[in-house]
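Here chain A shows up in two complexes: once beside chain B, once beside chain C.
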Partner chain A sequence: MFGKLGLRVFLLQAMTISSSLASPFMIWKGLSLVTNTESPVVVVLSGSMEPAFYRGDILFLTNPRPESEEPQSLYKTGDILVYKIPGKDIPIVHRVIEAHDFYSEIVPSDADEGVAESTSDTAQDAGRGGSQRSPRSDLKQLMLTKGDNNPVDDLGLYDGLDWLERRHIVGRVRGYLPYVGYISIFLNEARQLLLSRPGAFSLKHILYSKWRAS
Partner chain B sequence: MALLACIALSSFLFTADPKGNLSISPVRVFPSKTNRYPRRKQEMGFVNFNISADLTSLFHWKTKQLFLYLEAEYQNTQGILCVNNTVVVWDRIVRRKEDAVINFAGKNKYAFREISSSFKKVPSSHYSLKYNVMPYVGVLTYGEAARTAEAVDFVWEEHV
Partner chain C sequence: MARTKKPENGTSTARSPSPSRASSASPSSPSGEDKPTGPLSIIISPEDREAIKVNNANATELKNACDDAMKRYLSRPELFKQIYLHTDVRLGLGWLSVFVAAGTAFYGYKVEFEKSKPVVWAGLILYILLTTLQTLYAYFIEGDVVYVGKRKTFSRRIVSERITLSSRTVPVERSKPPAYEVSITYVRSTSGGKSLLAKGKTHGVREYNSFFDEEGTMDQERFERWVGELVEQAMEGKSS
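And now, the complex of A and B:
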């Protein structure tokens, strides 16, 4: 039916089409693996982080694994995190204003004057603790966040929880690109519009094809 | 796309490291209550501080704004666990280079409280002024402008 040459051309075209469909997907999934987040790129939807981030901006996230012993895997105050409260679909992008990091370390017996002597003060240095610290995979952190543009902290958004924990965090914002996200917001709203009015869509389609035909 | 990548990567070329001064008075602790759990006692710390810093070197063509924050760091124990605590007590957004010279004396904007409800087991705390440079495009960077050299004590006022 195709003829010898026709079949090859057809297969080549089919392969080109499917690889161009698969590539963005592969890139997305590859990026997710490298950055260790489920959505390495997100679009800002609200104005709670203005004037830094506006609706329609794009944020690039990473989420270093605790097992890799990188000191950056500890979330610190000042970090801008994307988190999701279980039961609520919308991820929120806000800044950490309180962090409480729990280490399961045997408190040295000569530390009667307080625990200050066994560690240094910064949370950054704590990552390089070494032999006194237990493996980082059981690191527990309790955090509180707040949008820069909000007058109060996010406690009311936590749906009953008193603190955010590591398991709620999708990733940490490392990079920023303004405006581009509006394409995604626009496409999403256009899609919703089309889906909600299928009758209108097909009517337009019919009218259009009649106009073309005439 | 390539231009954007170059702009983004150029963040790494800027290596300004401005420093400033911090002075913190001893933190006064008062008994109080939280909004969420009105029956539970919760001690609140009140921090009075003085900051001076010249952060104009952080403003270059790519800087959109600076987010400054003053945070308290202290350690505590909970059972056999050692807890590192960091609490932001004050912050400010600086959008123009002219506003980047900070000379500010004030008190904490945000509630300073301990998760275990009391500061009694905490000997002292350190304070640091940190900043987050937020670009028009590219990588967000962080730095520290000042840190207390000596630990700041907690002081309990005589209360009824």
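And now, the complex of A and C:
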């Protein structure tokens, strides 16, 4: 059944192919855990953030936990975020134009009057200066976003919500690569094309012909 | 040693074994002991052969073709039986890591991100561990080894033999073409490995162009003759 070369050779070759799929996948998962986001690399699909990002750009995301010591674990006005509305599949990448931060406990801090809420809807947040709060896990943020290239803010996209919360955020954009994302766009379109013709390019067929050719 | 000169392209005349071989006593085995059959004395008829053709610009393919030819040559009936330990360890660790990855993928797909994190961490660490083990095993324990074989013959007492072949490609150096270097370690013992009968270590280097022509067709008989000689030298207990 396994031809002249035998079972072991077949298992070795099948293992090589499977490992070459498993390895990149595990690297992706590792990256996802390190950046704390389910999708550390995304492709821009629309032109709503032009001229900053164009369709086909690749974005690198991180999602620092509020209690972590990472710099700027607070999302602020001006940050570009990728978010997903529950019930809708497509992530959207737009810029924060308003952010309100809440802490559930009142903790007196240095330059602060003991007020629970602080509003940070000014463009320049550097004025917070030395009173930057220590990171806390009870942080709640309400945010409003808008695409740079859109005439109106995203309220209509929020599907009934008034504000975005941290749990909706996939991550914040930390870097990008232009054009490379077109590979993913083409692959996706090819995949949809192939799915409409089942059997022609099935994985079984590919594995079988590779093994026979050995 | 008399040997009939064999035409290079392999016509249908079979080679007869050298008549002096069967009666020669090797220096390190006790006199009167029957020597186990070496690979050169077992003939393959040309009709049984499949032609081997490789891309002779690719050193990896050349080495793999030589390795496979060597394994086939030594695994014929009456000769050695391959021990698949290294292969099985590699298969075991490799498939385990694939299953761990598949399991992690499935779990991550079913459970949403935040809740799935501990299990995905565990899967990732396990995968890295298995991959590291595979790499360490291949580098330190398996090394260059290509074939490990054993044989038990029952002449007057049970004689066990164990042979290990390692090979590597000697890379191109200025105008010297790439070469195939093979090292053979051989041990013959009896009484369950307690008394040593013979031990030999040989190695040989030959350029690939002496086995492969410009089309990439392999001259299997020539290669087998060369390997067979090295193996029989090792079986006689020579060390080189």
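Here is the rule we go by: the second predicted complex is superposed on the first by the 146 of 214 C-alpha atoms of A that agree within 3 Å, B and C clash if a C-alpha of one lies under 4 Å from a C-alpha of the other, contacts with A are read in each partner's own complex, and residues count from 1 in each chain.
Throughout what follows, a contact is a pair of C-beta atoms (placed from the backbone, for glycine too) under 8 Å apart; a residue touches a chain by one contact, two chains touch by 3 or more.
Note that the structure is predicted; figures quoted are calculated from it, not measured.
Once the two complexes are overlaid on the shared chain, A:78 sits against chain B while remaining clear of chain C.
Of the two partners chain B and chain C, more chain A residues are in touch with B. In the superposition on chain A, A:153 makes contact with chain B only, not with chain C. By the touch criterion defined above, A:19 reaches chain C but does not reach chain B.
When the shared chain is aligned, chain B comes close enough to touch A:178, but chain C does not. When the two complexes are overlaid on their common chain A, residue A:29 makes contact with chain C while staying clear of chain B.
Note for the complex: chain A touches chain B at residues 51-52, 76-78, 80, 95, 97-107, 113-116, 118-119, 121-123, 126, 142, 148, 153, 155, 162-163, 173-178. For chain B in complex with chain A, the residues that touch the partner chain are 4, 8, 36, 64-65, 67, 69, 71, 73-78, 80-88, 91, 93, 95, 110, 115, 121-124, 126, 128, 130, 132, 134-140, 142, 151.
Across the complex, chain C meets chain A through its residues 84, 87-88, 90-91, 94-95, 97-98, 101-102, 104-105, 108, 113, 117, 120-121, 123-124, 127-128, 131.
Chain contact summary for the complex, chain A toward chain C: residues 8, 11-12, 15, 18-19, 22-23, 25-26, 29-30, 32-33, 37-38.
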